[in-house]
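After this come two complexes, each holding chain A, first together with chain B and then together with chain C.
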Partner chain A sequence: MPILSKHLIRDENLIRNENLVIEGVDVSGDWSTFIKTRVVQDYNDSLQEDIAALPGGENIHRCWQCGSCTNTCTINALNPDFNPRYWIYLIRIGMEEELIRDKEIIWQCVSCNKCTSVCPRDVMPEGVMRATAHWLELKGYTPESPATIFDKVFSSQVFAKGKIEEGRLMMRFFKKTGQKLTQDWLVGLIRGLVLRLPIGLLTRMGLSALIHPRTRDWSNHRMAIAEYITEQKALHRKALGLPTTEESR
Partner chain B sequence: MNTPVLVVGGGPAGLSAAHSLASTGQKVLLVDKADRLGGAPILSGYAKLVPSGEWAKDAIGGMVQRIESNPLVEIQTRTTITEFSGAPGAFKYMLAGEEQTREAGATILCTGFSHFDPVNKPELGFGIFPDVVTTTQVEQMLSSGKGVKCLSDGRVPERVAILLCVGSRDRQIGREWCSKICCTVSANLAMEIREALPQCSVYIYYMDIRTFGLYEDAYYWESQEKYRVKYIKSRIAEVTSDGKRLIVKGEDTLVKRPITIPFDLVVQAIGMDPNVDNARIASIFGVELERHGFLQRGATYRAMGSTTRPGLLVAGAASGPETIDDSIAQGQAAAMAALTSLKAPATEAA
Partner chain C sequence: MSNKYRKVAYYPGCALEGGASSYNRSTKEVGKKLGLELVELENWNCCGAMEVKNADPKLQTFLSARNLKIAEDMGFDTVMSPCNGCYHNLKKAEYDLAHDEASRETVKKLAHRAKTEPYQAGKVETIHALDWIRDAIGTDELRKQVRNSLKGLKVANYYGCMYTRPRHIFPEKDQGGANSDSTYRPHFMDDLLAAAGAENVEYPLKTACCGGAHTLSDSDTSTRLVLNLLTTAEACGAEVIATECPTCHQGLEMHQARAEKVFGKKTKVKMLYFTQLLGMALGLSARQVGVHENLSDSRSLLKEKGLG
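Up next, the complex of A and B:
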């Protein structure tokens, strides 16, 4: 049967077999088009606990769906599909499939925290968004966002040396995200710096790019931080039922 | 002071009224149709009460003992009133099985309510599937110490649904009132189930949550924040079975999608009906019923506990869904009104 008003049905819910014969009758193509049910047939009882185990998601159980977060949301004003209230409900009730449909939008939260200050139950929706984006990454539903990659490059340098060297940071970030080093704006920026900055400062910058200075007596701090990070990563993966030995991507 | 005040009904309101009257030296005749005192909390075997958390058998049982040991209170159980006449200050009545007319200066009706009988909502599966039970049955499972179990095979449930507003707020079955206490009671039960069975998920299906006043954070919030009870906005349309588990059908109104979710145990939060005897009570005592079938209250502000018949008082859930602690307060208020009317029958009680 051809289905009229297909635009009302989600694409992934339309099933069509190009070659199908049932009891000797050829029902290929339109004749075998089915609509998958919209009925929710089960809950994932543990989804809310998964999110609650990740930093920021601790208070998700408190939500009573007033919608204050969505109402005040910066991103929602630009994109009505960005709806923290709705995702919090899906997580609380355990509608995982429905949540994953929005995996390309959830990470767009800009952490303005207007939702956090307006929430009457202290759910900390911004934290929940952060935890949810983290969850999507850990579960492998979304690749790491450029922002996450930048954070990792930045913090790994701090952890290793106790200091940041901008040139090196940008080089690594561009390499990891597959961006060219010779971008017009960057070349312009560097040229401007070379022309305008005093010679002494330029010399110091040049030297630190070559020598990679580190904070004095950093190794103790480095080890303590590394231990803490390993511990936290293992904790998060364990909470989600993922193998803890695997190095986080 | 020598003519006993007649108190009809020995639940929380009646026990409270009788105790208050006797505390002032007033004689009381306490009549109850059941074989023992205590009313619904005792007869239906409630577990821990809202908001004190005390067991019903301790809290209300204590009130019963206090009355039973009071020499000023005559107790007549398994008894009803068959005739009632007279005017304020000089009522005459007859107990079932007696031939002698008795006298009362004042009378307080504490005749309470009846639990909604869920066979009136057959689509919700009570009486068809053994694992569809009422809040009262779960109270009994907890108070008896036997624990929450599926009645079909005795297994411990892994997932429980509590359906709110069964027998309340439903024009289809002529129940147009909110039963007031079921939201709080259900949140309380959900927490008790989660405490007893930490592996069991509890879902509450609601239209609105009416954990009024100070019950908001102590029950609604606490059940979410500490006990991880999940609230789903949906009025359940049907409970069926796939042969193994119960299937709860409805629409999740927040995601605008139909749901058919499997559960081990479905608990119906049954509402408070007017006492099934209210028509008889109304005709014997000559009082009017309000349009839902509860006893009609008289003055709202000028006199506590008045009915449509002067001198005849009412307290507790007889005049509408009521909490236990408010029933107890109303029992005391009606006792005060009774004493006032005995002392100064011409003036209206405050």
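Up next, the complex of A and C:
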């Protein structure tokens, strides 16, 4: 049989023979292409449970593969390899190795919530993407993504002070991800802004650069949040069968 | 004109105290001009934006519940936020506390540890600046108060993601959201700006995503998404994109510049907060509504249109 949908099969799973004779019959050309036999034995039976144990992944079992999420996805429109429906499928049947192939892009979900809005089964795919990205990091398959680093820089400011300050946030993020502190495109914009002499704005920005904006009497909140995070981290690591004390990365 | 929302608690949030101060300024000025009173939440905290939920969604609920509790303790039953992120998070916290036992328990536990009283669902309604002006003033009254019509200004109305999604939190009118804007075809901003004289263009990407969540962590993706929003707005004939979210607004401004520098794609459509446009229509000067504080420079266009 000629294979009509070759574009759906990865190149490495196809065998092509320029000239092939089988039992005396010449099967060169289209007829000489075969799909490689593949036996999958290394299913991860607990993959769905792992994802469901992380925040956002709780409803993954509800999926019935309609594909609405992928159909409406903002990032899928830019990159067809970004395919939430397919990843949910892989997780549900436990094909860990296949899932890991896409480890470099799963974190790119922009949380536009289109998938969660259209999902007829309330799977909350946006949450599943987040849980999956965290799972990849917790298991050590990927280093922390730029998005995770940004989330951490941001959240740590909120947890410590109750408010954020954008200047510090950007500087700390650029520094942590090894980027130039003065991005060319940003410098031009800010120069233009300053030339328009927004005195009030500059004064306020200057002040908050000196004194971090903060919520008063925040220390009890800070401690409550820190305690909660420690508990949750231990719970998540336990659910994934990882040692509960996190080694420092 | 009703008495609804004439005096509400005001939650500006971190962005409006930082880079988006022109949105803060124009919101307050428009309120003053229309005789509406805003009382800022005392000692508020960050709502968690798009980031804390990734650390832990229930922490975001806790942070937002604290702000709702402050509004309640100040004697308000309504809190208004002009920022889509803050608005979304307060609404989400309200939804989670009303529907999810685990969220209620976590918020109770955290409040107890922080030695405060937890917020109970149903005490405070969260509204957006769009709801505020629409319901407190209405388009008919607004039309009467216009001093300097936006006539001839072609505007694409851009609402972004957080204002309308997901549907659980922002239901359609026929699904329990009697007073909320439509998820699929929001029009509150269109209505207000039309009343101020603007010529709204048919813009199909009203609720498309600007990539704001990854504006710095995945800049190329954000630039591509923003460029699509900008070129589509231009193709629709828009001179201005009206915004109602500081993350979207600054994302559009930054990635417009980035698209030009990094991708070599130049677009000339301008970004203005809808409160800045309304303010100028009500007779405030461009400076009073903070046009000079925006990252992008739209002064020449406004002058050309007689709005400077």
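Throughout what follows, the second predicted complex is superposed on the first by the 181 of 249 C-alpha atoms of A that agree within 3 Å, B and C clash if a C-alpha of one lies under 4 Å from a C-alpha of the other, contacts with A are read in each partner's own complex, and residues count from 1 in each chain.
Heads up, the rule we're going with is that a residue touches a chain if its C-beta (ideal position, glycine included) is under 8 Å from a C-beta of that chain, and two chains touch if they have at least 3 such contacts.
Because the structure is a prediction, the values reported are computed rather than measured.
Applying the stated contact rule after C-alpha superposition, one finds that A:Arg121 touches chain B and leaves chain C untouched.
Of the two partner chains placed by superposition, only chain B is touched by A:Arg38; chain C is not. Contacts of A:Val110 after superposition: chain C is touched, whereas chain B is not reached.
Judged by the touch definition given at the top, the superposed model places A:Thr244 against neither chain B nor chain C.
When the two complexes are overlaid on their common chain A, residue A:Lys152 makes contact with chain C while staying clear of chain B. In the superposed model, C is the one of chain B and chain C that contacts more residues of chain A. Contacts of A:His61 after superposition: chain B is touched, whereas chain C is not reached. Touch criterion met: A:Leu90 reaches chain B, while chain C stays clear of it.
Overlap of the chain B and chain C contact sets on chain A: empty, with no shared residue. Contacts from chain A toward chain B in the complex involve residues 38-43, 45, 48-49, 61-62, 64-65, 86, 89-90, 92-93, 95, 98, 121.
For chain A in complex with chain C, the residues that touch the partner chain are 55-56, 74-75, 78, 108, 110-114, 116-117, 122, 124, 126-127, 130, 134, 145-152, 154-155, 157-158, 162-167, 170, 173-174, 177, 184-186, 188-190, 192-193, 196-198, 200-201, 204-205, 208, 213, 215-218, 220-221, 223-225, 227-229, 232. Only residues 159, 201, 203, 209, 220-221, 224-225, 228, 230-233, 252, 254-255, 257-262 of chain B touch chain A when the two sit together in their complex.
The touching residues of chain C, counted against chain A in their complex, run 14-15, 17-19, 21-22, 25, 43-46, 48-59, 62-63, 66, 106, 109-111, 113-116, 161-162, 165-168, 183, 208-209, 211-214, 216-218, 221-222, 224-225, 253-254, 257-258, 260-262, 290, 292-297, 299.
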